[in-house]
Structures are given as structure tokens and as C-alpha cells.
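Labels for the chains are A, B, C, D and E, by order of writing; each one numbers its residues from 1.
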Amino acid sequence: MDFTKLFELVVSSALINNFVFTMFLGLCIFFGVSKKMETAVGMSITFTAVMVVSAALSWVVFEFIMRPLDLTFLKIIVFIGIVAAFVQSADTIMKKVSPALYYKLGVYLALITTNCIIIAVPLKNAGEHYNFFESMAFGLGSGLGFGLALIIMASIREKLEVADVPAPFRGLPISFILAGLIALAFTGFSGLITL
Amino acid sequence: MSLQPKSNWELIKNGMFGENTIFRMAISLCPSIAVTNGMKNGMALGIAVVFVQTMVNATISLMRNFIHPKIRIPIFMLVIAGYVTIIDLLMATYARPIYKEIGLYIQIIVAFASIFARAEVFASKNKVWSSICDGFGMGVGFLLAMLVISFFRELLGKGELFGYSIIAGNPLLIMILPAGGFLAVGLLMGFFNWVDMKYFGGKGASGV
Amino acid sequence: MITKDMIKITVNLVVIYVIGGLIMAFVYAKTSPIMFIKAKEEKEAALKLMMPEADTVATLGNWEPHEKKAEYYAARKCGELKITMVVDEKTGKEKEEKECIDPSDLGYIVEGFGKGYSSYIHVLASVDKNFIVQKISVLGHGETPGLGDEIEKDYFLNQFKGKSADNLVVIKGETADKIQAITGATISTRAVTEDGVKNGVKMLIEKLSGEVQG
Amino acid sequence: MATQAKSHELIVSVSPHVRGKETVERIMWTVNLSLLPAVIMSIYYFGPRAAYVTGLCIVSSVLFEHLYWRFLDRKTTAGDGSAFLTGLLLGMNLPPSVPFYIPLIGSLVAIIITKLLFGGLGYNVFNPALIGRAFLLISFPKLMTIWSEPTAKFIAMDAKTTATPLGLLKEEGLTHLMEVFGSKTELYQGLLWGNTAGSLGETSAIALLIGAAILFIKRYITWHTPFSFIATVGVLAWAFGGDQGLFTGDPLIHILSGGLILGAFFMATDYVTCPTVRKGQIIFGIGCGAITMLIRLKGGFPEGVMFAILLMNCFAPLIDRSIKPKMFGAVKETKEQAK
Amino acid sequence: MSKAATFERGIHPQYNKDLASGKSIAVASLPKRIVVPLSQHIGAPAQADVSIGDEVKTGQVIGTTTGFVSSPVHSSVSGKVIAIADFPTPGGRNVTSIVIESDEKDEAVDYKETPDYMNLGADDFRNMIKDAGIVGLGGAAFPTNVKLSPPKEKKIDTVLINGAECEPYLTADHRMMVERAADVVEGLKILMKTLDVSEGYIGIEENKPDAIEAMKSASSGESNIEVHALEIKYPQGAEKMLIKAIKGKEVPTKGLPMDVGVVVQNVGTALAIYEAVRYGKPLIERVVTITGNGVKEPANMMIRIGTLFSDVIDQCGGLVEGAVKVISGGPMMGFAQWTLDVPVIKGTSGILVLSEKEYVSADDYSACIRCGSCLDVCPMGLNPSQLSILSEKGFYDETKDYNLFDCFECGSCAFVCPAKRPMVQFMRLAKSQVKP
């Protein structure tokens, strides 16, 4: 296993090719749950976990079932099915095993399936022919990057809450502009790692 | 979501403007930035969405009496994913150059909240024809938003429209880069809110 | 009652999934051969374009620049080109089949990757039998629009014609015998010139020069 | 009673009834003034063009701010010196040879999008001048990286273009940089006086340090941000910046070039966009320094100060949220609660 | 002592103490009419013990206590009760007050003198202090006997006399320490005996060297009393800061001085205690500084409680042309008055009249520019910037995350704020909107 490559993959997917700021995925959730810090943190944790596990599951299914059977054209429905099934069972298990955790993070689980990022990770893994560990690294980096984006955004939006933003721009428009400026700052990382 | 009957035209109009996915409902946002750096891409994805949304609504509405409520979610998922797969395969075959650039986003249509939401709140409860109009309206609303955004981005960022050179000189490169996408959508959204507030007495987008 | 319900639901679900799956499979079955052929044709066209005067292009081998799969080819002129019509077994249609008789190498084509500013730049380069560059083209890249993507422009690509491997060096500023950097995109220029093309040509020389001279 | 007659004229307001003498205007104009030495040096080295570019930035910044408030029918804040300062700093961050529309677009982005849409002075999240510059750099990468050679002749209309010291260092390595400048001492001298290519206001370290000293003496800025910023850059440059292995780098080159002095003292310290808690400012400074060196040594740009500050601007609210000042009596409380 | 003791942060306003610091305490002329509010202290208001038309003597109880935390009030002149009604007080509230017209004889009730008072017990002291109506004269007017009855589990080991007088302009405590040093020390000794403690301190800011000198020599015979010079810094006199400066201890948040075993009393309070114990004299007069460039002849005066501000100011030559603001107390924490028909009460330490040139308008404030100055000065180590923004925008609940209730409204943050934000107003607004 090439650890440098894995490390680069994590860093690159978290910072340089950040899902939100350079790939534009998961924006609905990004703008939806970044209003309060608490929700942002909860979502980040849940997300990263789901991302890594579903990347791994999808990889196994894709490599060992779909590819040998030449069913790759079903990848969209299969991946979304895997994610949905995993989220559903995580929901059930968590409710049983750790109700406290479920109480904290359960709500976010429900939001996850209508989010394109979660399906983009396995799709991209399949497209780039990553191996098992690379797929997990990519899932992890993407999750961390998304979490980072959410937390930064939430902390700034809490500050914006008290700012004199002109009425037509209050809420979503200024958040978009804010995301644009953050993305502008994140271009500073470009060229750091070439993948 | 009002359930009183509306005329088909009203349904379409509602989808296009009143409940415009991007500017009003603020869902399906990713493609509004990811594929709007050129009008060609924006239009391609928009058309794909019109197709999927209309067909999904039609199919769900047709099947609405056969679907057991307990399994409605997997069924919706299958229908949506099915149409997305079809359009994905078709574009991969017949529109290769564009597909190369926006392929991932075509596949991602499967996770669009707006499609699932319309299937759930509208198509599963309404007649076929209304559902088609609703889906078509929503899809066209999305397409319009994509066109507006990509119009500004391509014009400012490349000085081109549909790839044809329109203005000479140094374009604002940033507009076709990630940051510019967010800025364009934010500014346009603010502008539409301003117009809405000033001339139509609206309260601005519901936002998230 | 409950079991009956369960069965009903299951049947309902299975039936619909099977139908859905079949429809998708049908579309896939229809499109995938076309996709496959188109991809092949595109590749052939791209290769052909690299050396228009060649009649056929044959794969010679593959190599792995930056751990990516790449191939190299020989571009050949045929002494005689025999065209026969055969019936395709699968589709049942008639199609042309070319047979190259008494081919001679015109030159070689190499696929390469250069590590650029924000992506690996995918290039094709053709050389004549003396390994002098004839033409290069950029197949794909993720460089910055307006900066790095100038590598796709003809003014840049045309510089390469007639240069030997030794002259594939980037110079910032005016130059006639070397490669002039695109202002503001030296990294991308280097990636194409020194990492992509030059390494490719060098690899060709290494692999083939014995053969050629021999 | 004589006194009673006056009662109705008494002013009633909440305590305190005496106030310190500092005002926002006073602070902003002082910062403007403290940049004067650097402006003078830029005009000396780059000629009237320097004055033209900087002036254009200032005028358009102030104008945009004024027009915006006029449009909203609110009291204008164009006179408080902050828009002037944003314009001035934007100008100081541009190369000498830019065409006229570059300052205009930069000011528009800085003032309208970055500052006023977010609510105006005090509410903006990002440093307006730096966003203005980043926007321009990304939009016009070629125009924004044409560096004129400093001529020290007041009339230098078509100066030769050249590379910045950091650009040379990154592209060609230290040895080449030495060849260009002759010796290390000459290089340091060039960097100190500003006799090197670069943005208008960033090149003369001495002039900038004079201005920074004024701000320190007036206590308008504290050591926390600039010191931790510069120290981090110095340590990292020494550790990783050399080509002969660890701890062979030359910290001074990195500290004196690439706008670090300007950035550390005048831009990272922008009240609005850095943490308010002093401890947080140290973290902010270290973050700026680390990102600067990451970009300089490993990234796609030769200089990293601008992006480093902007990236840390993103984190400032988070820092402010997590780092609270040490509260009086707080230590005891936690101990007691533990019991 | 090498370096003056102090606390962290704080501010350095212009002190302007020389307007009145050289003026010996003059005895004000007897007021013709007094207005005595029944609530001059923290706690339950007193209950009127007289009715309209009653004749009263100087020192006679006219309002009695109604609860544990409460304090009686006395008449400060002899004469006739002419009204019992609501009147404005310097604190801004209207309070039920007893109005007495002086017969100008100043006939006093018999005060019970106790020359050998040091032989009395702690409970005797507490009762005498309570009956004399003594409350904290440092400003908050907390009933002193309550402070001197700490719950058993709180072991008190130190009494601190607060002679900091950190508010600009004011000089009353200063003059008291210079002119009545021995009596103040006696007051401290009584306090120490009441609380059975062995450590007594007197803290005085360094800008009053004569007071430090006087207190040092007055206490030179007492081995367990120490005079501490304090750095000149506002709010050195706030009790938590004083304790930090002298004892090095921090009163825990939401705690009281007794949580670190300390009781703090103002100089004036100590003096009043001495007079009550030694001479049986109730709290009917106090030293007040009348100062500022808006008054013709600044002075320190012993003034009967209930004397109207207008009477006092007239005795100081009246207001100058262009006097714009009259403040009860100091410029940092005092209350601006809309009328001069308010009485001097037990907590009135000064009457400050600002002239036009000293006055700074604070109407025009702007958004917080996050300069961080307020964080640098807040003696409580709060984040006033954030608190003020949250309060300004109505996010009252969130202010609690930033320890709103630890703010004691010293005004340091407002003083330094370049945006001229009315910080104290924001703090009070938030406090009124949420429960601690």
C-alpha cells in the first residue's frame, strides 16, 4: 500500500478538491444545515462516517459483483440502494445500541439520502478505478472536507446573523456569495497536489 | 403544497417561477454551479432534468394506484434511477463530448431532492396529465435557471455564448471558475429577490 | 393477513424492480455496442490525425508514465491496401475489412501524461522514424481555463513540429529552436513538453532505436 | 432658584459619561497615514504610475462606498477612512503596470461585494482589499503577474518586466536569485529599500516597518498577529526552505519578500476580519504563517500571504467562537464545580 | 512595597481630581427642606414611621426596617413632616419619600455614646450598625449589618477598607482619609472585631499620597492593619478588583467576596460605623464631592441626607454657563440627572457637573469594528464586543454563553470603544431580558 498516495488523496479531496468549494456537490445540505454550529458539527460527523462506510461497501459490490457480471450500467440504482440501505440500518442499529447518539445524530441520517455527495463518492471511485483503500481514503477525505466546509460556514453564518446584510441578500444569496469568497480563498490551495 | 386543482398552465408556470427549484426553493443547487460555466453544458443538463422529471412524474402517477405505500420509497428510487440511467446511457452514447464534461452530474440527478419531492407530493396523488405538466414545469424552471446562470457566467467568464465569441478583450476568468459560480448565483438570487421585493411586494426566497 | 400483506408487498416490489431492471438492461444492450464502437472510432480518428499520411496504426506496446496506462503505436504506410467486405458475425451487417500488405513504418505515435498545474495532462505525440516530432495533441487535462488550457491552442502545439527530443526544453521568452512557455502557465507548458512529450519520445527511442537501426 | 431654571436642559444618557479619545475615523486615518512612507517609496521606485494606480483604487473605493449608501438612502460612511484604506491597500497590492479597469473592478469587488453586501464596516468576513486582489489575480492572471523593474527614476513609463524575488526563488532556485542580485547583502538591501520587483506597496520593508511602528506606538495594533505570523514564516522557512535539507533555509528572504511585512502588519491585523480575542490572534497568526509557507514551498503560487490571510479569515469566526478570554474568577469556578 | 498592587486590564481615564482634592471637607449649611427616600439601599424599602404633620428631631427614626436585608432611615434635621409621597431619586426611580421642613434648630435625639466601645461584642456592633441605618457608602448601598453577618460556612478572615476612589473627579474618600484617618482606622478595628478577623487592609490608589501617608501613620500602632498603595487604574475600587490587587485572590464568578473570606467596606462606611458605635450617631450625613467644570466652586462637603442637589450646587456658587450634564456619582458609573430636585442619599458619593467642553456625545455610534480594545480592558475578562452585538441585535439568550451576568457595568469597555457604542446600555438591556 502506498501511504503517501493515500495521504495525498485524503488531503486533496479534503482541501484542494474540496467537494463543496471546487466540485460543487452536496450544496443543498451545505446551505441547509450550516445555519447553526451544533447541527453543522453533528452533520459533519455523521456524514464522514457514512461516506467512508458506503465507499467501502460500494467498492466491494462494484468490484466483486457488478463488474464480473457486467452489470456496471446499474451502478446508479445500486449505489443509491446501498447508501439508502446502509443509512436505514445504521439508523436502526444506532437507535438500539446507543439511543443517546441516535438522539444527537439520527436526524441527520434521514437527510443524507437526498444528497448528491453521498452518491458521488462511489460513482467517482468507480470512475477513477480506485482500489479498496484508495476508495476509503477518498471517502474519508471527502467527508472531512465536507465537514470542514460545513463548520467554517456555520461559524461565519452565525456571525452574519447579526450583520446588517441588505434585505434582498439576507439568507441564501449572501450565503452563496460567502461560499464564493471562501472558494476564492480555497483556490490558494490549488496546485498543491496533482492527482 | 396546495392540492386544489390548478390548470395545467398554472402548474407549469408554478414550476417555472413560483417554485423555481433553484432561485425559490433552493434545492438541486449543485448543478446550478457545477455545470453552468457554459451555456451548452447548462442546457444539456437542464434538458436531461426536464426529461427525467417529466417522465418520473408521469410514471409514478400512472403507477400510483399499484404502489403499496410501505414500499413507495424504493419504488420512487427505482423509477428515478431508471430514468437517470437511461438518459446517462443515451448521452454517453450520443453526446460524447458534453458527457465527458458533465457525466458525473448527469448521474447525480438521481439524488435531486426536487425530483423526489415532486414524485412524493404531487405525482403520487394526481392524475397523469397534471403530473406531467407539473414535472415539465419544474424541469423547465430548472432549465431556465441553468440558462440564466450560465448565460452570465459564460459571457463574463469567456466572452462567449454557446462557444461563440461575443466580446473581445480580457474576460473575467473567475466567472467560469468555482468561486465565480457561487458569486453569480448569489448575486442573481439577490437581484431576483430585490426585484420581487421592490416590484411585486414579495418577501424574497424562502431560503434554507 | 399480515403475511399476505408481506407477500403482496414483496411481489409488488420484485415485479417492479425486475421490470425496471429489464428496461435498463435493454437500453444498455442497445447503447453499449454503439458506445464501444464510437469510442474505438474516436481513438482511431485521433491516432489517424496524428499522422494523416499513414494508412494504419498498430499498437506496439504499453508503458506507464505516472503509473497511468498508456500505449505507443507504429504508424504505417501500406505497400498495398486490400479492402474486403465481410459480414459481421454479431450484427449481421456488411462492413469493410482492411488488410495491409507489405507495410512500412512511417513513424510512431506515443501516448503520454505530464504532471501539470492541477491535473495530469494527457497527450499524444507523433514522431517520424528519426524521432523528430511531427505533431502533438492534447487529449485531456484539468488545467485552469484561460491559463493552462492554452496548451490546447494551435500556436502552442505548432511549436513542436520538427523538434528533436533534445530541443524539447521550455524557455521563458522568445525562442525558435526550443519551446516557448505560455505566459503565466509555465507549469503546464513544462508538463506537456518535458514531462509528457519528451519522456514519451525518449521512451520510444529506448525501446525502438535498436529495432530501427537493426 | 437659578439652578433650577436650567434643569430642563440637562442631558441624560447612560454611563459612562466620559469617553476615550479614540474614534473609528481617527484610527482609520492614522493607519492611512502610516502607509504614507511605503507609498512614497513606491512612487520613487515605480514612477507616477504608482500614484496613478493607487489613486484610482482609492477614488473608486470611496466613490463606490458613497454611491452604495446613497442608493440605499442611508448615511454615507465614505468619510470614515476605511474605504480609503481599503482602496489604498488594494492599490499597494497591485503590480505597477495594470490597465485602468483593473483598479476599478478590484474596488468594486472589495467594497461592494466583500464589504457592503455583508453589512459594511464591522461585518465583513473577508479582508476586502485582499479579496479584491485575489479576484483580480484569478480573473486576469497574466496582467496581474507582470512585474515592472523598479527604476528609481521618477519618469518610468515603459519599464522592463522582470520576476519577483520569490518568483525567481520558486522557479529557478536560490543560486539563480543570488546571481541576479549579486550577493546576499545586496539582496537584503534591495528587499529592505524596495528596490525589487513586486506589488506597489509591498516591496520596501523599511517604509512599511516605519508605518508599523507608528501603529504599535499608538497601540492600534498589538504584537499578537504580526509576531506570530512572521515568526512562523521564519521558522518554517529556516526548517523547510533550504535546498540542502532540513534547517538550511534562509528565513530573511522569506520574511522580507512577497508582501509578508505588508500582510502581517497591515492586513492580517484588520480588526474586522481577524479574531478579537488576543489568544485567538496568535492562532490566527500561526495559521497565516503556516499556510503562507505551505503555498510558497509546495503550492502553485510563488507567494502565499494573500491566500493565507484569506483562508484564515474563514477561520476567524470559528477561532473567536472557541477561544474565550480568560475570565476573572473562572479558574476557581471550574475547580469548585469539579468538587 | 516595591510595586503598586493591582488587577489585570482596566483603563486609565483622565482623573481630573485636582478640581476638588485640595478642598477640605466643609460642613454644608443646614437644608431648609429635606427629602428622605425610604429606599436608599439594596433590599426591602423601609416603612414610614411618621405621618404628615409629625414633629421630628435630628437623628430620629422615620422609616423602619421591613426585612432582613433592609435598613432604617433617619431624619437629618429637626422639623415637621410635610409630605409622604413619590419623589425622584438620583438613581432615576421615583421612590416613596418623607419630606421634612426644617425648623432650623437642628435639635437632635439623645445619642448613646460608648467611649469604651472596644469592649462590646460582635452582636452589639451589628445592632448598633443596623440601628444607625448604615449601608455601604461606596455606591451600592448594601445594608452593612447584613454584610457583617455572613453564613457560618463562610469563614471570613480579612476586612478590606476600600480607599481606592478610582472614579475620576471624586475626592470625598480622599479627604476623609486625610482628615479623619484615625477615625477610619477605628472603624476598621470595629469591623475586624465584629467579624473576628485578624487581617485588616486599607487599599489606596497611588494618586493620593497624602491619604496613604495619613492612613499609614494612623494605623502605625496596629500590627494587623496594613496600608496598600494601589496602581492608579479604573476600576481599582471595584471590590473584586481590590481583593485581587491586595489579596491576590479572585472572587469566583457569580460569587461574593465572602467566598474568598473577605469583606470589603468603603472608607465612608468605616467612618460612619465608628461614629455610630462611638457616638451613637445614625447615618444622617455623608461627605459628597461637588465637582466638575460645570460648577463654579468645586468642594467636598459634609451634607445632610435628603438635601436637594439644587441646594448643594447653590452652595458651590451655582452652575457655570454651559453646564450640560449633572451626574450623581462619578463619570464612569454615575447617573445623569434630568432634574436637580433630587436628594443626596446615602449612596451619593459625588455630584459631578460637566461643562460643554468635557461632555462627549454618545448618540452617534456605529457598528462594532472588532478592534478588541474592550476585551483588553474589561476587568472581568469578558468579551464586551460580542455581548454588545448580541444584545443590540436581540440575541439575548446567547449573551449568557458570554457570561453576561459577570459584567458589573463598570463602563471601561464603553470608555475605550472607538465606535462609541453604548456598551453599558446594551449590557443592561440584555440583563433585563434574560434571567441569570
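In the analysis below, a residue touches a chain if its C-beta (ideal position, glycine included) is under 8 Å from a C-beta of that chain, and two chains touch if they have at least 3 such contacts.
Please read all numbers here as calculations on a predicted model, not as lab measurements.
**Q** Using the contact definition given at the top, which chains are in touch with both chain B and chain D?
**A** A, C
**Q** Any chance you could name the chains that touch chain A and chain D both?
**A** B, C, E
**Q** Count the C-beta contact pairs for A-C and for A-B, then tell me which is higher.
**A** Most contacts of the two pairs: A-B.
**Q** Measuring from CA centroids, which chain ends up nearest the centre of the complete protein set?
**A** Chain nearest the overall C-alpha centroid, as shown: D.
**Q** Where the centres are mean C-alpha positions, what is the separation of chain C from chain E, in Å?
**A** One centre to the other, that is 89 Å.
**Q** Which integer distance in Å separates the CA centroid of chain D from that of chain E?
**A** 47
**Q** In angstrom, rounded to a whole number, how far apart do the mean CA points of chain A and chain E lie?
**A** The mean C-alpha positions of chain A and chain E differ by 60 Å.
**Q** Which residues of chain E are in contact with two or more other chains?
**A** 367
**Q** Going by the contact rule already set, what residues in chain D reach two or more other chains?
**A** In chain D, 113, 117, 119-120, 123, 135, 138, 141, 300 touch at least two other chains.
**Q** Specify, in ascending order, the residues of chain B that touch 2 or more different other chains.
**A** 74, 78, 82, 85, 89, 171, 173-174, 177, 179, 183, 187, 190
**Q** Check the chains against each other and report every pair that touches.
**A** The set of touching chain pairs is A-B, A-C, A-D, A-E, B-C, B-D, C-D, D-E.
**Q** Over in the complex, which chain D residues touch chain E? Could you list them?
**A** These residues of chain D touch chain E: 1-4, 6-7, 9-20, 22-24, 26-27, 77, 80, 119-123, 222, 271-272, 274, 276-278, 281, 320, 324-333, 336.
**Q** Could you please specify the touching residues of chain C with respect to chain D in the complex?
**A** 117-118, 144, 146-147, 183-184, 186-187
**Q** Looking at the complex, which residues from chain A come into contact with chain C?
**A** Listed in rising order, the residues of chain A that touch chain C are 73-74, 77, 190-191, 194-195.
**Q** Across the complex, what residues on chain A touch chain D?
**A** Contact set of chain A toward chain D: 37, 151-152, 155-156, 158-160, 163-166, 169, 174, 177-178, 181-182, 184-192.
**Q** Show me the residue ranges of chain E that touch chain A in the complex, using the header's touch definition.
**A** Counting only chain E, the residues touching chain A are 367, 389-390, 392-393, 395.
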